[in-house]
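In this document, chain identifiers A, B, C, D and E correspond to the written order of the chains, with residue numbering beginning at 1 in each.
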Amino acid sequence: MLLQENIPIKYIFGKIRVEVMLVTIYALLIALLYKNFHFTRISIPIAVPTLLGTVISLLLAFKSNQAYDRWWEARTLWGAIVNDSRTLTRQLFTYIDTHYGKLEEIAFCERMAKRQIAWCYVLSRQLRGHDPMPGMDKWLCKEDFEYIQGYSNKAVALLELHGADLRNAYKLGWINEFQQIEMDATLTRFSNHMGGCERIKNTVFPSTYKVYIHFALILFVALLPFGLIEFFGLVEIPMVIAIASSFFLIEKMAIHLQDPFENKPTDTPTTAISATIERDILQMLKQYYKEDKPADEPASKDKVFYIL
Amino acid sequence: MLLQENIPIKYIFGKIRVEVMLVTIYALLIALLYKNFHFTRISIPIAVPTLLGTVISLLLAFKSNQAYDRWWEARTLWGAIVNDSRTLTRQLFTYIDTHYGKLEEIAFCERMAKRQIAWCYVLSRQLRGHDPMPGMDKWLCKEDFEYIQGYSNKAVALLELHGADLRNAYKLGWINEFQQIEMDATLTRFSNHMGGCERIKNTVFPSTYKVYIHFALILFVALLPFGLIEFFGLVEIPMVIAIASSFFLIEKMAIHLQDPFENKPTDTPTTAISATIERDILQMLKQYYKEDKPADEPASKDKVFYIL
Amino acid sequence: MLLQENIPIKYIFGKIRVEVMLVTIYALLIALLYKNFHFTRISIPIAVPTLLGTVISLLLAFKSNQAYDRWWEARTLWGAIVNDSRTLTRQLFTYIDTHYGKLEEIAFCERMAKRQIAWCYVLSRQLRGHDPMPGMDKWLCKEDFEYIQGYSNKAVALLELHGADLRNAYKLGWINEFQQIEMDATLTRFSNHMGGCERIKNTVFPSTYKVYIHFALILFVALLPFGLIEFFGLVEIPMVIAIASSFFLIEKMAIHLQDPFENKPTDTPTTAISATIERDILQMLKQYYKEDKPADEPASKDKVFYIL
Amino acid sequence: MLLQENIPIKYIFGKIRVEVMLVTIYALLIALLYKNFHFTRISIPIAVPTLLGTVISLLLAFKSNQAYDRWWEARTLWGAIVNDSRTLTRQLFTYIDTHYGKLEEIAFCERMAKRQIAWCYVLSRQLRGHDPMPGMDKWLCKEDFEYIQGYSNKAVALLELHGADLRNAYKLGWINEFQQIEMDATLTRFSNHMGGCERIKNTVFPSTYKVYIHFALILFVALLPFGLIEFFGLVEIPMVIAIASSFFLIEKMAIHLQDPFENKPTDTPTTAISATIERDILQMLKQYYKEDKPADEPASKDKVFYIL
Amino acid sequence: MLLQENIPIKYIFGKIRVEVMLVTIYALLIALLYKNFHFTRISIPIAVPTLLGTVISLLLAFKSNQAYDRWWEARTLWGAIVNDSRTLTRQLFTYIDTHYGKLEEIAFCERMAKRQIAWCYVLSRQLRGHDPMPGMDKWLCKEDFEYIQGYSNKAVALLELHGADLRNAYKLGWINEFQQIEMDATLTRFSNHMGGCERIKNTVFPSTYKVYIHFALILFVALLPFGLIEFFGLVEIPMVIAIASSFFLIEKMAIHLQDPFENKPTDTPTTAISATIERDILQMLKQYYKEDKPADEPASKDKVFYIL
């Protein structure tokens, strides 16, 4: 989960501890060589590392852009899961109107709605590589729970159960053919969102770029002390550390951002989003329990002009 | 709200007052050290801050791009809310044609249309963290007003009421099954727009980038006086202030732009947009009141060739 | 309208006349100071304006990108209006087949098609802030013309009339329920295109960026003569003018491009596009008049295998 | 058409022959002045052309991006035309099942399918400004061929004929109302693809940018020899030519790429794509001729469980 | 297939072996000339290659962006193929409910589902230029296998067979007209995904850009030794190699990434994706075999409230 306040400076710099240490030792060595042995010939014009720095900056900007796009797409997909979970619940309560009375309608809708909550949690855990099943018996009836055990991709199985329930509802005449098509389209959207998340999870950023950027960065850092030594002497050391850290930091940030389902603080907050969906859906279910059948009589008493 | 004329220079520079003051003191100190104590060795080649300046420029361009995209997406979502509010109202008046006479039709459509106005205001206030309920009794009937009290997300509740009304209209035969599906698709779009706004509101820009950019910027400003002092002497001070202000300003602008629902002058003008929707919808309602039933007889008298 | 040949050099440079004059005077003053009073200390290293130049280049590239995107989006929206106007006309002539004979069908379709022409002109004029009504009596029947007077947004009113006509056509059985939905979807697209244009018209580019870029540009031009004076002497003056003009020009171009509905030569050619739509729709109407009923018998005589 | 091998170096450099010649003469003149008349004062620091070079690079990158986007959008639109031509043919053969026997069905489908081939060729030629009619009698029946003569936009007329045929098919009961809507949606997509191509064809890249970039480029090339002369002497001439060619080349490439329907080697290969569509559609038609009615009995003999 | 670990450094540098060797010889020659013959006049200011380096960096960033976009679009298209394959299978099992009993339903669905597996493999092999047919008899019944032999584009033929089967299912009353339309829309999406892949496969990146970038790169490398020789002497050689390798590497990477269907390690992993689709679809089929008819009774025993 990515919140404003929960990324301390320490966490950020902890990521590049090893690199900073190596750079410090390296810069120190160069400074000692220069000072004590007067290898003045090793100084190079600052323009050389500057040229490399410009190239690397452009590459890092390119990489940051792609990483951000992946991260934002993952966030957008989960935003769409929120939207479509709400839409599915609204469609359930406004389309279905069983002939067998209120209780069965609510039981059916409740089962679908709770299975939707389960689907969000299952997808969230699957993407992070956790076992999706623990605790899911809270949201799934025993038959559903056992049925999905046979699948390697549990989220696909839950969508299948959704589809089977819709067919039954159609057969029983609770929804008409158009409403079945409409709700099936909602399931198709869930399928697409899930597939999008899996695509981001399973597609690595082209390693060739990664390796190249790292290689160019090391070359740049290796040249940096030679470019600065003439002007700074020992002050060169903190200067090299600061500039190198800047570049290493931005490289690391891009690497972390590009994989938004890996149990890191920069992840897409799928658990928090699932909890929001749970709260919203439960509230809609509770309303129906509490107020009995408010949705059927939303109009003001002095305006009632239709009978159901 | 973001208008051409309402951002005075003073407001803009007010944002970076503290930074400018600190930079002034810092630049003054360096100049005094250089002038009075002749620490001429502290001068560094201008190429070093230039290298950092290029990197930071690219990062700020990247950040500005993302911030602008968020801001423009928020604006586009509210533009879509305008479009779909008009569409909903048009669909109401061209689909519905109750068997019970003109009055009930208009009463039903009016209730839906006014609830749509309420939805826009409620969403706008919710996004800014205000209490959405005050004044909403003007647009909602008493039952609706009380119903949505039970929800934490009032806008979701209003869409639910919309859906329930559509079901009733379908049951009463006022709209056919295809028209119900079509108008439900309009509700789904509202749901998506709302979810998109919430996504932008709740997703912070990756803090790691923010912290890094700020860190690199401070490093850059810290080096700047040393790079300029040799050529400018005391004139270095206004120069450093001017260049540093440039960078701080653009950083601040990106930060403000990236959160378009925070009660700032750079916000998406959701209240103004809601007022436009209110005016448009009320005008359509008034037309129906005033002209009685003009939509049924738009054709010229000398061309009437159909009877309703 | 933006055509290849109609932007003379004079027009382009006319836009930055004032800036160029001020820069000339400023550069002349600096040169005189340097030459006559030997203030040689005022020369600064060229790297300082270069640093600022790089930052401004990136900002101008960012701004040009956003401005171009707005301009291209406006053009795309009007392209979609062309497409959907053709689609609406095709749907009219292939869906509608009145039971009351050919004449009424054509009269109805003609009324809708001509109102569509009117809608394009009205939208075009509204966006540019002109009075949309003059000359519209040519395309609208008297009832329609009077009806839309009551609206502040005439284009919305015309779409409402379209919708009302579709309802009547459906009631009369000229189109079936699916065709009504399909054509209503076309109206919804018109509503979205109109809303998109209004969004671009009403949303100013973030002023903060505008002010900042202008501020940085002035700072850059102010430093430029000091950076060039040492090498050029009096030749510095044309050099400063040339470089400053380059930057001012690109800033101006971005400003003009970003508002594509303001009666400028870089505008989206909405009037020309409307004229194209008029020509296309009239041609389709004429075909129906001239050739009587060719669309009913497009098949070759030796292949006729169906009867209507 | 843009193929890997068919752009020889000679073709590419042929485009900038005039520019290269003028630059050569100019560079030669400067070198002679410097060498023979010892105008050593004319040498300028290389940083001045570098500053301009950076700005121009960014502008050319911006322009290349927009040009590539236009080119890629044109290619994508023609890709979509391929997809939808296949879809239309598949829909024809799987939706239509005339009551009057196999022959008429195939005759009808064949007429539609061949007209679709004609539409692709007609659109391709219209976009390039050629006469679209020659040879089209091969794909169109005589009535269709004569009908579209009356239109200035032949492709629009062909879509109208498609629509009219669909209406007839619906009237005759060959397709149901949903299938009519579905195939009409395919026609609407053709209409959008066509409109998109026309938009790219008719919208010139903002001339102001074009003029400005050219102006800045000339300024840059004019300064270049002065920046290089001090270090290179006569060697300055090939150096200036090489660098100037680089910039002129990329400017020319962007200009060519941005207009993908102008009979140039960098065009979208619309004729080749149309030929592919022709081959695919004819193969589907032939299959139906050759194998008589294979689509009705695709199932294996030992699994036949349905009768038509 | 592009995995994190399977690109060894050796593979990456193997790509630029020839270039590195040529650059080494070239740099050595320059160094010898400078050292032994004292052609000190050949040294040039480092700013000249820096200027070219900046331009090339921007061009490579532009090219990397476009190449990455092509590669990501290819991946997204195959992700969509996964989603829609799942959707097709879900639709098969939740829409179809034959009147002739369970066995035939499963036989029909199995045939469609297995043909879908075949379609993925066939498309994957076609894109890479392999013979798509070997092994396909495992997934296709004999009739289908023979039917598609007559087509040059086998994937198009398989979609046609899908469409024909849907028509038969509709004729037999197994699916209603809306379900036919819905599943036909899924086929249309497959057609679009296929067309998108073919577009990426058949459209070469504008050769003009490719040639230009290569030309500019060679110019840059040719100038580099002259810019570095003054400061480094013989150390210039490894420096030139390192910087040149950086630029050659990124050029090569972009070239490889831009063609994602060419049997290279950076390809879109179409075979692996097809295997995933195979596993998912087979699991859904097996479930139906194993558990007999679980989808019809997913509800818990104590909640059964509907009969089929």
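Just so it is clear, a residue touches a chain if its C-beta (ideal position, glycine included) is under 8 Å from a C-beta of that chain, and two chains touch if they have at least 3 such contacts.
These are the chains along with the protein names UniProt gives them: A, B, C, D, E = Bestrophin family ion channel.
Small disclaimer: the values here were computed from a predicted structure and weren't measured.
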{"item": "Other chains in touch with both chain C (Bestrophin family ion channel) and chain D (Bestrophin family ion channel)", "value": "none"}
{"item": "Same or different contact residues where chain E (Bestrophin family ion channel) meets its copy chain A (Bestrophin family ion channel), judged by the half mark", "value": "different"}
{"item": "Cα-centroid distance, chain D (Bestrophin family ion channel) relative to chain E (Bestrophin family ion channel), in whole angstrom", "value": "23"}
{"item": "Chain B (Bestrophin family ion channel) and chain D (Bestrophin family ion channel), separation of their C-alpha mean positions in angstrom", "value": "37"}
{"item": "Where chain D (Bestrophin family ion channel) touches two or more other chains at once, by residue number", "value": "47, 50, 54, 58, 61, 65, 178"}
{"item": "Topology of the chain contact graph, where touching chains are joined (line, ring, star, complete, other)", "value": "ring"}
{"item": "Chains in cyclic order, anchored at chain A (Bestrophin family ion channel), direction fixed by chain E (Bestrophin family ion channel)", "value": "A, E, D, C, B"}
{"item": "Residue numbers on chain C (Bestrophin family ion channel) that touch chain B (Bestrophin family ion channel), as the complex places them", "value": "44-45, 47-48, 50-52, 54-55, 58-59, 61-62, 65-66, 100, 104, 107-108, 111, 141-144, 147, 150-153, 156, 159-161, 163-168, 171-172, 177-178, 180-181, 184-185, 187-188, 191-192, 194-196, 198-199, 203-204, 206-209, 211-212, 215-216, 219"}
{"item": "Partner chain B (Bestrophin family ion channel), residues of chain A (Bestrophin family ion channel) touching it in the complex", "value": "2-4, 7, 9, 12, 46-47, 49-50, 53-54, 57-58, 60-61, 64-65, 68, 71, 75-76, 79-80, 82-83, 86-87, 90-91, 93-95, 97, 176, 178-179, 182, 228, 231-232, 239, 242-243, 246-247, 249-250, 253, 256-257, 266, 279-280, 283-284, 287, 290-291, 294-301, 303, 305-306, 308"}
